[in-house]
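Labels run A, B and C following the written order; every chain starts at residue 1.
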Amino acid sequence: MITAFRKTAETFAAGAKALAQQYFVSPEVFAEEQDRIFSNQWVLVGHQSQLAEAGDYFVAEVASESLIIVRDKGGEVHGFYNVCRHRGTRLREDRNGHLSAIQCPYHAWTYGLDGRLIGAPHMDQVPGFAKADYSLHAANLALWEGFIFVNLEDASTQRGGYMSLEKWFAPLAGKFSHWNLPKLRAAKRIEYDVKANWKLMCENYSECYHCPGVHPMLSKVSPYDSAENDLTEGPFLGGFMKITKGAGLTMSGKACALPVGKIENLQEVFYYSIFPNMLLSLHPEYVMVHQLWPQSPERTLILCDWFFHPDAFNRSDFKPKDAIEFWDMTNRQDWHVCELSQQGIASRAYEPGPYSARESIPAAWDEYYLRQIS
Amino acid sequence: MITAFRKTAETFAAGAKALAQQYFVSPEVFAEEQDRIFSNQWVLVGHQSQLAEAGDYFVAEVASESLIIVRDKGGEVHGFYNVCRHRGTRLREDRNGHLSAIQCPYHAWTYGLDGRLIGAPHMDQVPGFAKADYSLHAANLALWEGFIFVNLEDASTQRGGYMSLEKWFAPLAGKFSHWNLPKLRAAKRIEYDVKANWKLMCENYSECYHCPGVHPMLSKVSPYDSAENDLTEGPFLGGFMKITKGAGLTMSGKACALPVGKIENLQEVFYYSIFPNMLLSLHPEYVMVHQLWPQSPERTLILCDWFFHPDAFNRSDFKPKDAIEFWDMTNRQDWHVCELSQQGIASRAYEPGPYSARESIPAAWDEYYLRQIS
Amino acid sequence: MITAFRKTAETFAAGAKALAQQYFVSPEVFAEEQDRIFSNQWVLVGHQSQLAEAGDYFVAEVASESLIIVRDKGGEVHGFYNVCRHRGTRLREDRNGHLSAIQCPYHAWTYGLDGRLIGAPHMDQVPGFAKADYSLHAANLALWEGFIFVNLEDASTQRGGYMSLEKWFAPLAGKFSHWNLPKLRAAKRIEYDVKANWKLMCENYSECYHCPGVHPMLSKVSPYDSAENDLTEGPFLGGFMKITKGAGLTMSGKACALPVGKIENLQEVFYYSIFPNMLLSLHPEYVMVHQLWPQSPERTLILCDWFFHPDAFNRSDFKPKDAIEFWDMTNRQDWHVCELSQQGIASRAYEPGPYSARESIPAAWDEYYLRQIS
């Protein structure tokens, strides 16, 4: 079956070309993406392990909006706009922490962890004022495999495109159950500020045609031409690549932790892009997840987390740096060529060039993307 | 009488809400403010004590214009556009100093302190050239209580709204005579670069509803609910607050200088906002004055001066730092919450919230402001 | 003859005024200049001595375009857009170096020094792909007196204004032969980032009315009123100034190298502006060349090279620093007053003032410039 899928993709790629210049440099296209994609589709903001206890929170930036992602006393996770209902003040400045309630630093209006206004000094003197009318504004929020997604789409102005997270991920039901994703815990986050359009990183992630020149170390342990893709069209794209026998995707070449779950074949690594902003890299003993946050047509913030089995952390064979350093190096190699592409694409001499047969997934990614914004 | 006025204001505030988002973020609104308010109304630029001698000058930035404020040999104060009449060169770069004439650094055209062109090498060879045609361009300038105001409105294109500074300040005639304002001298200037719209600082200055949470030290020496406002609508707004017996608005809590004038009640501090860019804080022994200079919708430069009686400077009980440190701390607390408000107000989730009864003056300020730009 | 020409220029200048504000601050005018002038006329990018060997290259930035200027194995010099034909990647990041072929850092597509695609992994599997269709895009490039010029005008969309570099420079044929320009070698390059419109530097270069006040040292060794202009209208403008007997345009006042050629009069220095971006300053023993690169209405990058006779470099009397320091100081004096002009011209109070009789060449420069963009 996998082979059959791959052929389809390669057929599609024949004749396919890279995206036109406007998609990488135009502020209008960027605004449309922020509106149609990042403000109206499910986007990854984190993992439930970041909110172990009631009152734990972190702040996420989605389409220029600051959201407080917080676990309430009943265990439910919410996403609140980080904006006081009184005079609009930003409520939380720090990127994460622990709270018993959400109090505005300006005039001390106070909200419960479920967003209800529970304190507003002197407002009882204002005729007609009712606390119930001034709960924090909330974004749609749901979990998939332990990952937290939000969707800023306003229910009152839905364009007919809204679907629940469960329905959105239905095609992937059960696919990743071996990796124990809901249980995992992150050992490290690295933040990258990349001077390139976010789509260049999606395209870059989706092919290994560039690996021989860009990633000499990765190419040694995972042959660039070993890719077998099983998801070849739509919002979820990717497949697996082989890991050379006796090698591993770490600096030392050895496993750096116990397996994350019941992994059948330890010589495979799976790479999937989850449209629009999640890159999910499933290794036998760790899972790497990239979040992509477009800041402008020419700039993207990337958060990269490395997840391990919770039991791995206390064992003597736990060497997370071995994996983190390997991918930090590889990430930076990728961002560098993406930045070079951004520079060249801005030229009046740029014309979309032909994709090779080894770039069928970038071609499929482009094709799905184009359907979102036109 | 004061009580009566206060009631009016509180009545007004009932039902009043904060300004809409556009007034804090829109470049178009900002441009309109720069045009209708900062380029066509009287704005504070300094105090006559900065120009003790003929030839003393300082440079002021008003609505993107650089002005040379200079005292001429007859003692008159002028405001000249800092632009040579030959090829437009900026004449003075330094922020203040002393001059016998204004000479252009490029081709040495030279102007008297009254703005007349008095030297222009080789221009006598140009047929029809007359020095009298090339005086420096001047802005309207006048003094009130020793403070220097300019108005960039061009007499030739007056929109009917121009009025003399004297007429503008007529409603306040005699009100501040006890404080000896024309005689005072500044001991210190601090410049603040605040990432917030200028109106947020005006609103912030106009209420003490925020004091308990934001200013713990100020709240101890001056109860937040002691405000009595006597100017409650129009361009001049404010009143006084009580100072706790045995306390003072200094770090030590003691008076830091001799009184600035014949102050009747040493347990009162008066706060007035003078539209658009002056905040006048009258303490028994010092006067603090803020100048607000909008740089963009999201950024304001604030100059804060501390003035004392000229006789105070040479006395052993003169401790200006005691007051300056107190307010520098308090200023920074205010700017911080204003910056947080700027951030939150930019959100799509922002809606103007209801003002409390303790925010009648911000509501009155907003109301006057709205009449200027619509 | 020279006197006759000079009179013409002075007649023209009578009544002439500086350019209007828009030409110095408007983004629209800037865009039009980038289009009509810097993208459609011959502009200086360097000198052939920078490319001594086949494979030597440097990168030039022209009208926001990055070009690889490279000498091929046949000795010919090319200007290629620095953009891979596959996915648009910037090919070379470093500013200069040596190459045997041009290989893309992303997917290893490889081009010969003549721009032909000679390697493209896996592309033979793409039906219909032919390497011949994917040569690097080239800009028009030609040499004059050893200087390298490019013209980005696209032959396919020529507006009828295109002319060969040879024809463009025909009016100057033989004029500079004494200075041996093709043979010279640069001893030094200094890069200046100037916060002023590029035209201010052109105007500044074109008159010495400013010299007494701005350049005290230069004025001592070369009288500001000694200019005799022989090119007084059109794209090439300038003439010579006298060098005081026993003096020289160096810090020491003495010659710093052997003469660049058969110079008849060692007491003369020639200054010519070559529209749009070359300022050519011919001294007896060195040639200084400025390249002007507008970055925005308010900012210009300036490259300044000092060229000497190739035989000068190995002699004991070679003291290039003596000339470089002299002009680096003088350059910075000029940039400073240009920056002051930029600031003042942005004022609403700016009006173009009258040029003096000593500013006939700036007036002629303005006049030619205005014909290019209207």
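Note that a contact is a pair of C-beta atoms (placed from the backbone, for glycine too) under 8 Å apart; a residue touches a chain by one contact, two chains touch by 3 or more.
Keep in mind the model is a prediction, meaning the values are calculated, not measured.
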How is the touch graph of the chains shaped: line, ring, star, complete or other? complete
Between chain C and chain B, is it the same set of residue numbers doing the touching on each side, over half shared, or a different set? different
Distance from the mean Cα position of chain C to that of chain B, given in whole angstrom: 48
Within chain A, the set of residues that touch 2 or more other chains is none
Touching residues (chain side chain A, partner chain B) in the complex: 64-66, 81-91, 93, 105-108, 121-123, 125-129, 134, 137, 152
Show me the residue ranges of chain A that touch chain C in the complex, using the header's touch definition. 14-15, 18, 21, 203, 209-210, 212-214, 336-337, 340-341, 343-358
